[in-house]
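The letters A, B, C and D name the chains in turn, as written, and every chain counts its residues from 1.
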Amino acid sequence: MAGSSFGTIFKITTWGESHGKALGVVVDGCPAGLELCEEDIQIYLDRRKPGTSSITTQRKEDDCVEILSGVFEGKTTGTPISMMVRNTSQLSKDYGNIATCYRPGHADYTFDQKYGFRDYRGGGRSSGRETIGRVAAGAIAAKLLKQMGITVQAYTRSIGHVQANLDAFDTEAILQTTTAMPDRKADEEAVAFLQKARSNSDSVGGCMECRVTGLPAGIGDPVFEKLDANLAKAVMSIGAVKAVEIGDGCAVSQRVGSENNDAFRMADGQVVKATNHAGGILGGISDGDTLLVRAHVKPTPSIYQTQATVNQSGEEIELAIQGRHDPIIVPRAVVVLECMTAITILDAMMVNMSAKMENLVNFYK
Amino acid sequence: MAGSSFGTIFKITTWGESHGKALGVVVDGCPAGLELCEEDIQIYLDRRKPGTSSITTQRKEDDCVEILSGVFEGKTTGTPISMMVRNTSQLSKDYGNIATCYRPGHADYTFDQKYGFRDYRGGGRSSGRETIGRVAAGAIAAKLLKQMGITVQAYTRSIGHVQANLDAFDTEAILQTTTAMPDRKADEEAVAFLQKARSNSDSVGGCMECRVTGLPAGIGDPVFEKLDANLAKAVMSIGAVKAVEIGDGCAVSQRVGSENNDAFRMADGQVVKATNHAGGILGGISDGDTLLVRAHVKPTPSIYQTQATVNQSGEEIELAIQGRHDPIIVPRAVVVLECMTAITILDAMMVNMSAKMENLVNFYK
Amino acid sequence: MAGSSFGTIFKITTWGESHGKALGVVVDGCPAGLELCEEDIQIYLDRRKPGTSSITTQRKEDDCVEILSGVFEGKTTGTPISMMVRNTSQLSKDYGNIATCYRPGHADYTFDQKYGFRDYRGGGRSSGRETIGRVAAGAIAAKLLKQMGITVQAYTRSIGHVQANLDAFDTEAILQTTTAMPDRKADEEAVAFLQKARSNSDSVGGCMECRVTGLPAGIGDPVFEKLDANLAKAVMSIGAVKAVEIGDGCAVSQRVGSENNDAFRMADGQVVKATNHAGGILGGISDGDTLLVRAHVKPTPSIYQTQATVNQSGEEIELAIQGRHDPIIVPRAVVVLECMTAITILDAMMVNMSAKMENLVNFYK
Amino acid sequence: MAGSSFGTIFKITTWGESHGKALGVVVDGCPAGLELCEEDIQIYLDRRKPGTSSITTQRKEDDCVEILSGVFEGKTTGTPISMMVRNTSQLSKDYGNIATCYRPGHADYTFDQKYGFRDYRGGGRSSGRETIGRVAAGAIAAKLLKQMGITVQAYTRSIGHVQANLDAFDTEAILQTTTAMPDRKADEEAVAFLQKARSNSDSVGGCMECRVTGLPAGIGDPVFEKLDANLAKAVMSIGAVKAVEIGDGCAVSQRVGSENNDAFRMADGQVVKATNHAGGILGGISDGDTLLVRAHVKPTPSIYQTQATVNQSGEEIELAIQGRHDPIIVPRAVVVLECMTAITILDAMMVNMSAKMENLVNFYK
């Protein structure tokens, strides 16, 4: 099916496999008049680049973006923005055993079951490189939101048992640390933990979080197009994510109502909430408070240990996966979470513009 | 926006407010030839009925469904199935303070911000009664899945700190216990806990889970239409749900890869997984194993304690909510989770039919 | 498939068969704050009523609409507006030969081929009564457009060879004449022609047209969501329509460019077109001029003459269709054309609100 | 808005401007296992190439397609097929007066009204070059349909007053004649007519038609997703098309029922129609007969005569359009009609697979 599109008005369509010719995205429905250049996109793509630290893979991926359409004289024209990244590190290597066997934790088996065969080179369409299109599109959404005073900021919350201390939130550390944690001390601990995991030929899971500030109240729609429902889809669609939480998330199931309800108060003539257990969403609609979404990411399924599995012929085998792999997905996935959140929110804001009769009438006056 | 529709081929559109004339759903895209009568639907609706135990609200809601179209001589015709439940317990009571003030934890404030005003009677469109349409539609999806050997079963996993023991899974208990737990002993404990909460004028959160068995491998699409992504949207769109987990969910963020990967094995000539941390989904596509989705539900926001809030005039006030309210949402929401899961899976199965060239060609031969 | 929904933001979902319990529509995405009552809808439904003249069927159809949701204290709330019309004239008559044979020009055969069987009572879902939902939804769209100064007006242009003289356009005649022509003299001729056709046990085709005035320039989107493309779909989806024209339509294929191009001129400081061969749409986007769409409607397929056909057993038979039938579809379909046009335009206007960066930014300032 | 996507399961997304870096399309939802190479696409693209005859523009456009994803070892994988054509003939010429004035019959004015400005180079997104994406996608759809025994064939029916004689239908002439007419004699007349128009510095309109044979009965859905409704949208969305007809089209409005109804008959144990006024569609669903769709195309708006128009400053001016232009659009648009028809039909066939309960159940047995 056409599973590669996301969004109603601000609609993205991604394409490409990890070892094909290129990967890319078509962003349709971007308003006309946004200043945009390749550097705006590249900054975001560089955040998901590997090879930049001791704990990410040593593969070299250049991932230079080219804008092919939809921008004229430095501004978006309102027509589709096509962006492409050529695959430059396609090695003519032997994919031998990966081609015919099913790696545990990967989508090899399910792709074969669905399509009858698969592009087995490096994960094909289910590779983490698929997120290049998401990030390129999200860079545009984030830039546009910024011009409306809305900030979308994702970061690593925990790696294994190592939790970032969010009370001493260090925004600059997110882009500077190896782990994308907003806490330099926890980052150090986490790096040590990761190195130990790597020396054990193992990988590690983690948790990432995204905060949106400046979002007006009233965004999102009742019932199925709730803002949190669309965020849940957007975030769960990122490979390796196994849980999505909004606000206090799972913790609410062990709460009583008197502690979980956020009291409304007045501050500077504005309605505010005394607390924010809700994570900025009530009844699926933004309440003007900080929006908070969290994702739990499984350990990289590719590990250096020998694993039990089966091959396409139905034989039980021992598999040793070759190649270079990150011991953790989270630090490179943080920008993907940020981008999917930005895309979801921007689309909901566009869709919301005709919610009130008076807004519609005034718009066309 | 048009937020009241869900699904691509099997598409449902719900409508109605808690104290309007009626609530209902249009199910479009149901295959022709399914035997269907009102009793098939009523059985599911009765599971979300209040007034059936000491811990649910004492309000009387008859909720009798009427099938208005799409069924002829006892079978679905392939055209839209319109179903309606008349609201019979609309009291002409005074909604006075609720009309003008914002209940903590409810969507009163966000609806006002979005639409300029709201139907304040009993929550209007954001009431739990909105789920009547979901359940009526889900009853059809579940009946259809059953004929393909697929079982969808939801239950209460925990209420506050009280956890059901899933090792001694008692399927019959789900429909027989007050709490919809598959564990009669935990049910007793949970009831006691709920009665204590009620005596404290408080409410309680909980966790519910859904298992799907018999689902073939290959269902779901890569990237944005992943089966888990659509389940996350479907489940997060249920009011009061604040977190969605697939398989081991949040726990994976504290795991290492060697323990989280599910080894593939052969059993009776079939590929199986030795464990099921993945919850039956790999790369967004079903793997043939039991599908497992879990939702965390916040405590009922309506409590009998006086709460601090503000009114529409921007005054800080003390609010005492009148009326009868469940101290917990979960036992009545279990069938909603089951129905949203059934709808999501059925739709994905329909969409999947043209994934392989040979299937398409053979179909039209 | 889910074929019963139309629209992106202003989305309608219709349901119901001609001889089922009821027919209706769910209108989702209507802005909050529009004053609306059942009488607003009933006026439009009455225009498609039969039994009001010598040339329409003598069947009695009350078609009283009931608004079931989405309106509170006289105003739309932004949530789905569910509307229903009960079928009151379901006769327990014998559908005998219609049930098992294929009426020429009807959808009996194609429904059987698609679904395996059909609701054979009076055409079921493919009956002209299906348009009740379209008209109820269109009444809302038209009312909303009117408040923005946009008028949508459809009328009969020709019946058989009898053409209305549009140079002496008589707006009031549209609602007063038997044929919905804006020309009382042509109406008389057409009535005589229809009575002759009826006395021949035959039926007649015709052409209807819709004009939209007050529509601002800039509505519609490039490529696939062109305003004329969506109008073509909306209008061709009306049963019995076999051709759709925009502006000069078919005539352009016999023109040269120098006569077909509309010169741009200035008038009162506004850009205008000296002529309007384009029918108000250039490149799929409205140009501020009068929008003109035209539909050609086939003769009613149910005629009193005996016709050659086959039955479900594959036998060639002679069929005499019983019951009462209009000798022409057009006069009652005019309001359907008007409503589908209104729905299409309103939806395009809502979708257009975020086309410019500055509009989006200013909206949320 | 996101106006650049078309289709439900077989979904295409086109992008690119006439003088940007490239144009292309992403085809999502193509079944896995179709043999596909660039040559399959190039053959179709070459049919819309200019510069191949005396009556088409002398511009040189290479239009070499590159498949960037979705094909592995010569077969489609089920994931998005991204295809791109680089623009090689971008001249750094002076677009001076076109940049600031509104060409009659073009979308310059409406794009400016919608987006605030436009990519004025050669029509930008509203250029005929936009159809490259449609044709590349349609080539895939047509190849797939062919493997199911379904042939889609478009041709020129008339140019100005010159009609092709369809009784002596010459299939090979379509690809061999200058005008794409299935009649060599009419082609000669039409060429003479076009040369005369060119010598008058004028352009000419025409009519094109598409026939689909081998299509099974039962394709298309009731109400809004009727096969003819989607064809009308698909075809009207092609630039310069001003009317769409199905079967006998406009002619039906002057018919009586007894001549317009197609009698059902039996032939070789199959239900057939004695005539085909309906054009292969009844009630929006294919009836197994030849499907016939026709489009009327306006004369090329770019002509060599000086035309009256206005510029962006609101001044009335005289405009002489430079450059090379076809005196007629139709011969190069024929393949676009063929491709849009193929895409629409294939998508409807995929969507139809779950229409019957027994088909769904058997599929997953």
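Basically, contacts are C-beta pairs under 8 Å (C-beta built on N, C-alpha and C of every residue); 3 or more make two chains touch, one makes a residue touch a chain.
Values in this document were obtained by computation on a predicted structure and should not be read as measured data.
Taking the mean of C-alpha positions as each chain's centre, the chain lying farthest from the centre of subunit B is D. Set side by side, the interfaces A-B and B-D show unequal numbers of C-beta pairs in contact, with more at A-B. Note: centroid distance subunit A to subunit D, computed from Cα atoms, is 38 Å.
Remark: subunit A and subunit B have CA centroids separated by 26 Å (rounded to whole angstrom). Subunit B and subunit D have centres, each the mean of its CA atoms, that are 44 Å apart.
Among all residues of subunit C, those that touch two or more other chains are 1-5, 8-10, 14, 29, 32-33, 78-79, 114-116, 125, 216, 222, 351, 354-356, 358.
Within the complex formed with subunit D, the residues of subunit A that make contact are 1-5, 7-11, 13-17, 20-24, 26, 28-29, 32-33, 66-70, 72, 75, 77-82, 84, 114-119, 121, 124-125.
Listing the residues of subunit C that touch subunit A in their complex gives 8-10, 29, 31-34, 76, 78-79, 144, 147-148, 216, 222, 349-351, 353-361, 363-364. Contacts from subunit D toward subunit C in the complex involve residues 1-6, 8, 14, 102, 104-107, 109-111, 113-116, 125-126, 130, 158, 160-161, 197, 200, 202-207, 216-226, 228-237, 239, 242-258, 260-266, 269, 271, 274, 277-279, 281-288, 296-303, 305, 307-310, 314-316, 351-352, 354-356, 358.
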